[in-house]
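Let me begin by presenting the structure, written as structure tokens, before commenting on it.
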Amino acid sequence: MSHLLEVSGLSAAYGLVPALHRVDFHADRGEVVGILGHNGMGKTTLMRAIMGYVKVTGGEIRFEGNSVLGQPVNARARAGIGLVPQGRQIFPNLSVEENLQVGIPGKAAVVAQTVEEMLELFPRLKRLLDRRGGALSGGEQQLLALARCLCRRPKLMLLDEPTEGIQPSIIDEISETLAALTQKVDITIVLVEQNLEFIAGLSKRVYAISNGVLEKEIPRAELTDSRSVSAFMGFTA
Amino acid sequence: MSDWTNILETRGLTMQFGGVTAVDAVDFTLRDGELRCLLGPNGAGKSTFFKCLTGQLIPTRGSVTFKGEDMTGWNTHDIVNLGIGIKTQMPNVFDGVSVYENVRLSSRRKHMAPQAKELAEKTLERCGITHLAKREVGTLSHGQRQLVELAMVLAAEPALILLDEPAAGMTGEERDRLARLVLESARSAAVIVVEHDMVFIRQIAKFVTVFNRGAIFREAMIDEIMADREVQEIYLGKQANVASA
Amino acid sequence: MEKSVLRDPGFYVMVAIGLAAMLILPVVLDMFTIMQITQYVVLAVFALSLGYIWGFGGILSFGQAAFFGLGAYTFAVAAINIGETTIPLILAFLIPCLFGAALGYFIFYGRLSDVYLGVVTMVVTLLFWKLANHTAGPEYAIGAARLGGFNGIPSIPVMNIPGEPEAMLDPVQMFQVFMGFLIVVYIVLRVLIASDFGRVSIGIRENETRASLLGYDVRRHKLVVFAIGSGIAGLAGAMWATYQAFIDPNAFSMEMSAKALVWVMAGGVGTLVGPIIGVILLQWLTLKLGTMELLNSLAVLGAIMMVLVLALPKGIVPTLRKLIVDGWTLARQKKTGGKADE
Amino acid sequence: GTDTIKVGGLHDLSGALDSTGVPMNQVFQLAIKEINDAGGLLGKQVEAVIYDPQSNMSLYSQYATQLALKDKVDVVMGGITSASRETIRPIFHRYNTFYFYNTQYEGGVCDRNEITLGTTPAQTVKRVIPYAMNLYGKKVYTVAADYNYGHITAAWVKRYVEENGGEVIATEFFPLDVAQFGSTISKIQGAKPDFVLSAMVGTSHLGFYRQWAAAGMKSQIPIVSTVYGAGGTEQVILTHEESDGIIASFGYFEAIDNPTNKAFLEKVAQEYPDKKWVMSEISEVTYEGMKIWADAVKEAGSTKRDALLEVLTSGKTYDMPAGKVKIDPKTQHAVRDVYIATCKDGAFAINETFPDSQPEDTQMVCDLIKDPKSNTQYEISL
Amino acid sequence: MDYTLVVALEMIRAIAWLVLLASGLAIIFGMMRIINFAHGEFLMLGGYTVVISTNAGVNEWVSILILAPVVVGVFGIIVERLVIQRLYGRILDSLLATWGLSMLMMGGVTMIFGNTVQGVSTPFGGMKIGAYQVPIYNFVLIGFAVLVLVAIWCVLKFTKAGLIARATMQNADMAEALGIRTRWVYMTTFGIGSAITGLAGGLLAPVTGVVPTMGMNLVGQSFITVITGGASVIAGTLSSATLLGTISQGVTFLTGPVYGDAALLVSALVLLRLLPQGITGRIFKRSL
């Protein structure tokens, strides 16, 4: 059977500035694939390319076996791809509750019920429900971004540095939550992270990306120590 | 200007938004040249505290004294001109112009053009982004933007540096460089660092203040804090042991 | 845009072109054409005033006409009363400049931004327009000058050589003097933009929070930029008044403001050459269209504007620039085998 | 050019006043066509140079200059609102380009370089006021356009009403863009005049007549107007029930019963079969202007202004659709037959005719024979 | 006594008038941040639709209540597809493009129908209030103003449409990532806004004459109402219309239309100075 997500020979560029070169990797159902890389190496670009924001100059992206290249972002989202973008992208003038509701398809009842579930997963948001999204603290926004993404019950989640700005204890909680999700509803995750421990804790396979090129897989054994990891990531630009 | 030993003092500093009390009667004191780490759960009020110090928010109650000068309710630019520099949590940079110009606009504040130029270049070097000097900031990656903003703060040579989650989105190596940078800057200025990255904190922290629910929860040396049950409770979780390892 | 004017060849080229036009055109062209071009020159100054505050101060005014008209009326009234045009010309710069400062205070210290700023300026313009239109009655006169309401003020004195009111400029001289004004305004703005003041303006345009966090007083800064723009617009208004020898409330019309926006837009925001080109292009069109009785001229002009916006969203000048730059990068990539330039 | 005789036409073909400008321009071209069909002038064809000032005063001054300096036309017909006239008149005067203003207006222009054929208050208002006062009574409420035409006309109205022992109980001025008259209509009702005198101009102001009718006032207080119907489109835009009963006075109405007019209207009908507008003074006089100028050229054998003025002011009478027209040498305004008519089913029916009325208002202040240099518009002061 | 009544009625009429003028724009601008400079011409188009069809023998009410909204709505959608679509997030370009559009429409309508069409007279005639006569049609205007507001309110209240539109406007990219077809959202929003504008134009047709240039005098008022209203469509439009309408009419009665309009402008200025985000930027924030 085919992979849930299969990226092959993917290249992308910003205008004339190339940012990704022939990236190949895949992710199967219920699997977490980690991606490490120095600043400016192309992690976000990769995520945005899969989601459909960045113009792809070559290669192929298959989701559940069929190509999504032609499709607009919203189509990919409806096909079951979810994104937690770097920088949160909260709707500043919608209340927290509205931020959650927007993405949920279906009847009012369904919406309300889904929101409830999310509040179970992220109790921190409970007391913030009618606060302006823009008024939230950094970490609160990050949590909201995660919840908002999960609201759509995606098959594949693209997480771009999801722990950024979140307090240690909650990072652990999130780690557990995500692990649980991959087990229960075999949700698939492509995870871009700087927090080695977090990425090590979750991902089955971890790749390093450097100057837009996806390098060889990093043995999980190495992940514990940042020095040896950077060896894999090639030297800082 | 009156003589002073504490570069920064807040008394009963309080910030309320409608019902929400983000900062609650905070008495905070910072000695000149001190490096302080400010920890605390998400939503504890750290960034809001910073905003009150820089006049981005006018505190509801209480006072802020900098270098013995009560500057409560001043305009941001007047406060900043007394010698405070801040790196905000969400990068605030000049997207449309080059990295170099960003930093120069900062260094030019205190120096004549030639020195400003020099200082700008030196700072880019220190932050290791000289190779990006000509790039338009809007086209940079998140981490790169973080560094640019840091460079802008340093180039202004402030007496008090406020860093709100500077290590966010930095990889191991950049983070280590950043740590060195912070320690180095701390020799010439007082610094307050807000961060959730314990590894980073371990590298720089001596005396630490912990916020919770807008109020000061603990103030102690880092090891004490890490060992503190309640702090682990509300904030650190398992990280405590990892980080102290 | 950021590099010092003195090291920018483009700057010298522009000035050279300007001077050449000023000296050569009168020789090669007939008087009428010169008068036509004079009109472009005047409006170009007007366009520059908006091009500056918008492109380099991030201040988007829907009401630039307020200052244009104010300058025009100031000049008209003063010139008719004084019977000489040098002092009126200066007043036509100062009064709008001061008014701009006052309005700027109202706006920026009231923390009005983006659309709201736009609308406030628009409202002020409408207000001027309404009131100016209402001054038809004989009771509305300033000294010897009847304001004339909807009809406006006819037979405004032609510019004269400073000091000698009798020595009125003939159309060709007027063209050369105005061309001179345009060049000066262009140079002043270029230098201003390249100066630290100018760079700060650009910074403010990019991110006000950061600007104030660096210790720059954003409000005062914007106010100054706005006032300068207003003064220049006023100057243009005065030139317009003396060029047409008549002025009416249409100087205050939303159309006037909108036109300025179009010129800058079409030519390219964030450039100074752009607005000038925009003026020449679109004014020439408007005029041509009126002279040929094919379809309804309004319709055609409208269509052209839409096409312009859609085809050249960034405006003519920046689009050309980008073409050049891209070509260059392409060439460079051929050599370096194209990798992200890290 | 020397091969043709050039005639300039400046009428708003687009913008706020196009509804008036288009008919004028069409009749203007018709006249030229006739002249050329009859073999042209001085052995040359007449060529029309037509620009569209788009109801925009700057464009007026633009094109005026262009006609004078670039096209070097021999004469210019045009200008609708007095505003536009006062914009271009000084220009033509400066460059000695002969100018015909063919619109009914507020009077007072005294300029050797201009021939003014339209009617003035002394010809129309002076007659329609007593006429209306006899019918309805002595209390008048004036509503007028807020610019010189309106203001000066209103002044004349006041003068004539008082001369006839009546009183103007109120005068209100409206900018040309006002389209809402609810409050005014209530005010008028409060003031209870015997009739309303309207000097409202342009399309927005038509809202007044419509809202007046909507409030059911037509049956209560009658309206008399100095410019209603001048454009030739008012009756077309308003419905009959809205326009019926309005009394106006002009130098021309379609209903004028003479062979010249019959023939004229037929020609117009076949030249512009699908025209919507009604022939009005402004248009007919534009036709006169062209014809009279041509006639003068023939007679003078030249297109030089002074030669033509010679002929034009010689007291010759022209037989026009509007009736007999003569040019008064002192003011260079027309001495012409003036009519009072009432709107019925959207068309004006003539009630009274006043043969060769003089432009007395202007004659009081202007004498171009004594003072040929004169170049102003006098205003009455009350 | 009856005079005060008449004055009051005029004021309410003026308010209704502003509401009708502004509602469509409030949707298009308030939700999409698109400055539709051709708003006046959209009204004009509505007016023409009514006049033309009525003269062609269609029942006046059918043309006002059905044809006008439909025609203008469809036209709006076409415009959105061809032009606006490419200009989201670029307030200015949209301003310029639509300004071009407004000229194109003025010219176009003139070319097609000529500048003079037989208008339709106001239905219902007058009615007595004490010594005064007022057009019954005023009540119709007021009625529809209310109706329009209620309708919009229901949509925003009982569907997610409003929420989705707002989200799209605040961050289209992110909305996309949540599966929202932003292009479609834009298109319908613009269409609806246009339709309402069409209805308004249709309702105004019998009061003022319809001419190609009628839009020019309306667009200013509409914008000022919307902007001073602030973010929220209904509370905003209603509050600012009420304020501006009352003031301007009051002054008009006391002095004349010029100062009435001037008063409207001045009060708009003062309002914006006191509430830089418009009325609903500060007061009744959370309202629709």
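Here the chain labels run A, B, C, D and E in written order, and each chain numbers its own residues starting at 1.
We adopt the following convention: a contact is a pair of C-beta atoms (placed from the backbone, for glycine too) under 8 Å apart; a residue touches a chain by one contact, two chains touch by 3 or more.
The structure presented is a predicted model; accordingly, all values stated were derived computationally and were not measured.
Path length between chain B and chain D in the chain contact graph, taken as the least number of steps between touching chains: 2.
Common neighbours of chain A and chain B, by the contact definition above: C. The chain with its Cα centroid farthest from the Cα centroid of chain A is D. Chain pairs C-E and C-D differ in how many C-beta pairs they share in contact, with the greater number at C-E.
The chain with its CA mean position farthest from that of chain E is B. Separating the CA-averaged centres of chain A and chain C is a span of 49 Å.
The geometric centre of chain D is 37 Å away from that of chain E, both derived from CA atoms. Centroids built from CA atoms put chain E at 43 Å from chain A. Residue numbers of chain B whose C-beta contacts span two or more other chains: 131.
Residues of chain A in contact with two or more other chains: 17, 40, 237. Multi-chain contact residues, meaning those touching two or more other chains, occur in chain E at positions 106-107, 110, 258, 261. Touching pairs of chains, sorted by label, consist of A-B, A-C, A-E, B-C, C-D, C-E, D-E.
The touching residues of chain E, when paired with chain D in their complex, are 3, 6-7, 10, 13-14, 17, 106-107, 110, 114-122, 124-127, 131-135, 137-138, 206-209, 211, 213-214, 216-217, 249, 252-253, 256-258, 260-261. For chain C in complex with chain D, the residues that touch the partner chain are 30-32, 35, 39, 130, 133-134, 136-138, 148-152, 154-155, 244-246, 248, 250, 286-287, 290-291, 293, 296-298.
Contact residues of chain D toward chain C in the complex are 13-15, 50-54, 56-59, 61-63, 65-66, 69-70, 82-83, 86-87, 90-91, 146-148, 150-151, 173, 175-176, 379, 381. For chain B in complex with chain C, the touching residues are 54, 56, 75-77, 80-81, 85-86, 88, 92-98, 101, 104-106, 108-109, 113, 131, 152, 156.
Contacts from chain C toward chain A in the complex involve residues 326, 329-330, 333, 338-342.
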